[in-house]
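Chain IDs A, B and C follow the sequence of writing; residue 1 opens each chain.
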Amino acid sequence: MLGSIKGLKVTLSTMMRKPVTAQYPIANKRLDIKKRFMGFPALLWDDSNSEPYCTGCMVCVRECPTQCMTATMADNKKFSEGKSTRKKIIDSFGINLSRCIVCGICVDVCNFDAIEMSHEHELSKFQRNANRANLKSLLAMGKTFQSKIKWEPIQIKNIGNPDLRERLQAAAKAQSEKINANEGKMDGKPEGSSL
Amino acid sequence: MTWEAIGWYVIGAFGLFIFLSITVMFLTWIERKFLARIQQRMGPMRVGPHGTLQPIADVIKLITKEDILPSWTDKPIYWLAPLAIFIPAIAIWVTIPFSETLVLQNLDLGLLYIAAISVLSVLGLVMAGWGSANKYSMLGGLRAVGQLISYEIPFIMAILGVAILSQSLSLIDIVNDQSAIANIIVQPLGFLIFLAAGLAELGRTPFDIHHAESEVVGGPFVEYSGAHWAIIQLAEYVNTFAIAALIAILFLGGWSWPSMPFTGITNDFLSLVWFLIKIYAVILLIFWIRGTFPRLRIDQLMSFGWKVLVPVSFINIVFTAIIRFYNLHWSILTVISLISIGIIFYLIYKTPQKSRKKDSIRIISAKDAVNNPPKNYGDINVR
Amino acid sequence: MKISENINESGSTVDMLINMGPQHPSTHGVFRLVLQLDGELIVDAEPHIGYLHRGSEKLCETESYSQVVTLFDRLDYVANLNSELAYCMAVEKLLELQIPDRAWYIRTILCELNRISSHMLFYGVYGLDVGAMTPVLYGFRERERIQSLFEQVTGARMMHNYIRIGGVKEDTPPEFNGNLHTVVLELEKAIEECDELLTQNEAFLARTKNISCLTIEDAIDFGVTGPILRSTGLVEDVRISEPYGIYDRFDFGIPIGSTGDCWDRYYIRMQEMRESLSIIKQAIKQMEPGEVQAKMRRIVRPPKGECFVRTESPRGDLGVFLVSDGSQNPYRVKVRAPSFANLQAIKHMLEGVYVADAVVILGSLDIVLGEVDR
């Protein structure tokens, strides 16, 4: 009988604690989403040049395990005017979100930092085909995501604005030269390293 | 009987029915909330503040829901079964008093009436089990009958013990007899027997064998839906309330123990409140047990009923009778009861482990296992 | 119900055939058992599987090596990381890759956490199987802690795709160490609490002790592995008999039962959670910063050949047999699923027990239908 009485004690002591459950759809009562959370993929927007990062290179489309994406590319008019570093630009992009398994492979394979797993994860829609995201809605998802986590491009070579890219590249080059120089110094005479 | 008296009975029965329905709605809410807190959940929160209007939403949903009739059912039996469960559940309340005057009809043989009527609801379970044309329902209905006899005898024996103490079968007399000292102090053993048998009668954990969700998926009620299911559910909760009220009356002294220093209307009102508090305390105890215990198997319930409850209830009756006959002091009975409870608990504590030692699991360190492989590697004869 | 259904031509009653599943609350998914009942006693049981067959093994042949990880996530959907690890180890064995130490520590910590969360789910649903409704919510409460930790690290709560060929996807976030520490402390307390609630409860003991005792010989004949094999008294755990990864660096115990009944199977899992916590604690101490991904080509193309790796998943011995023909896609992937092998014993175990026991026995096997049917 001792074991049962211990069990009764456990349930009674748990009753005194605060509930651990959350009230899901209510805005300030639901659980927080962690920073790395993988929701549906979204296309990112290059603010420096007012165009998407995506060039429509189709790598993500090919690598997707469920073949839930489609994309077409077009020539970038801005490139011929010299206002952009992107020769090609995405023309149309579609993701069947009910087919997507949020594995994150498309983000891994992207060479242009153009796609990112957003924090969007709610699938319920009122129309049957409403969870087929097109370029417009994907970019909207991406914009919300970028402003939410204050996203910054990972590789400088992907920045669309030619002037900005040159400036940043020069700065990075100077930085790396400085580090190399310092490392050289450290290799030569370790006692003199002040860094 | 005059027309006036009949009119009062009708009004009283109607009032009782309304009271019970509201109580049941409150009970469903309190059970959900209580279990939720035990499990660190919130329970119903959406309808009304803290989900207080949830039962009303449930009732509306159940009444408006389609009543499904599976095609192979035995139709008259299928439709009559909920009534056969519901009528005994309400009929018990005819003689359960809320205070000395607030009772529909006080019967001198009230306890006998209750013991007789409460068995009837099992008939409804069997009817539901057979009529549904579902094998799970069938199993559940047969389980309900199977367990009936094993708990019904201790149930009546525990009632008899109380009747011997107060020399009456009328519930009001029993309550008034306890104004000095409540039966739970005199007969703790009888209280535990009645609680266990009552739980089995209600089909609540750990004896919810006939509608075990994980085995027979709801037992006799698998096929019911809508209003008929609502009636069955109503009957279950009315029964729960009735058993709790009986425990409060038979063992906790009803409204009269401990007696209050008030008189007149205040006294009447406060004793009614006091009685309801006792009932709800018992109900919370039942819910608490539900939140903690696993379910027993049908044969284990039977052996528990026959091998533990029946002999122990006989002991209870014999000692009660001896003490009553020789007019000994009640504390002797308390001591005897407590000693027997100790012995039973010790036996229950020992039984499951008797066949094996408690610590049958040993932990082998990984390094040991690599260095000296255990001997039984070589002993195995692989066929 | 018709009386004629239950009586044969000669007038005597016949056994009742009852379909347990595929939609039954305690068959742990879409598993179907056809039981032949004599009253409450089971005369014969016939298990049927295949309701969750998705052709995963065949699908693997059409996906590239790095995409297959997502399919392995969905095999054992309760312990996803453990299945991912088994597959990645197989590819790495073919590639003869050297995995960085830190990647192995992250893998080990996460896999052991996943073992705890899987056993916590077992604890909960086993409580539900024997009829107690509170354990399942306690189990899920603890699982939630682990899953939110996974969400921080891998970005997903269940289908992680985090363990990759050659290491892990990315390093742990900076707040991981602190959170892991609190989770370990909370879990220690919670396991004690769960233990107190159910393990020694008399009704629970009555329901599980001496039910479906399995002998060592039978267990080996049926190919049973994992906690069920260990409950019979045999010391067999891939983590010690064929240590993979960095398991030889830890000092941990293997719980061993003696009779192989349902209670032993249950309690071995409770003890395994404690041992997993001790592994995690040692791993936190030993872990050092470093690389988390081996240097390798982006497109995985293992040389021609085949290999078989064994790992200890929460359910038992999870093996992956991989054949490569040198192309981008695997030529054949065969999963030796522990749940599938453990389920073989169900017919033997169910002979002559009560209907109520059938549920308890099936629960004690702790099958995951995603892995059984593949």
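By our rule, a residue touches a chain if its C-beta (ideal position, glycine included) is under 8 Å from a C-beta of that chain, and two chains touch if they have at least 3 such contacts.
Quick caveat, the model's predicted, so the values are computed rather than measured.
Q: Which chain is most central here if centres come from C-alpha coordinates alone?
A: Given all protein C-alpha atoms shown, the central chain works out to be C.
Q: Among all chains, whose Cα centre is located farthest from the one for chain A?
A: Farthest chain from chain A, going by C-alpha centroids: B.
Q: Cα centroid separation between chain A and chain B, in whole Å?
A: Measuring from centre to centre gives 57 Å for this pair.
Q: Let me have the rounded angstrom distance from the C-alpha centre of chain B over to the C-alpha centre of chain C, please.
A: Chain centres of chain B and chain C, defined by C-alpha means, are spaced 39 Å apart.
Q: Hey, how far is the Cα centre of chain A from the one of chain C, in Å?
A: Chain A and chain C have C-alpha centres separated by 32 Å.
Q: Which positions in chain B are in touch with at least two other chains?
A: 38-41, 291-293, 348-349
Q: For chain A, give me the residues that contact two or more of the other chains.
A: Residues 1-4, 7, 10-11, 14, 20.
Q: On chain C, where are the residues touching two or more other chains?
A: Where chain C meets two or more other chains at a single residue, that happens at 134, 138, 141, 197-198, 201-205.
Q: Within the complex, which stretch of chain B touches chain C?
A: The contact residues of chain B facing chain C are 35, 38-41, 72, 74, 130, 132-136, 138-139, 143, 205-206, 208-209, 212-217, 290-300, 348-349, 351-353, 355-356, 360-367, 369-370, 373-374, 376-377, 380-383.
Q: Help me check something: in the complex, which residues belonging to chain A touch chain C?
A: Listed in rising order, the residues of chain A that touch chain C are 1-4, 6-7, 9-11, 14, 20, 31, 34-38, 63, 65, 101-105, 108, 117.
Q: Per the contact definition, I'd like the list of chain C residues that touch chain B in the complex.
A: It comes out as residues 1-2, 16, 18-19, 24-26, 37, 40, 127-134, 137-138, 141, 197-198, 201-207, 209-210, 216-217, 220-221, 233-235, 237, 239-241, 247, 250-259, 263-264, 267-268, 271, 275, 354-357, 359.
Q: Over in the complex, which chain B residues touch chain A? Could you list them?
A: 36-42, 45, 288-289, 291-293, 345-346, 348-349
Q: In the complex, go through chain A and note every residue touching chain B.
A: Checking each residue of chain A against chain B gives 1-4, 7-8, 10-12, 14-15, 17-21, 23.
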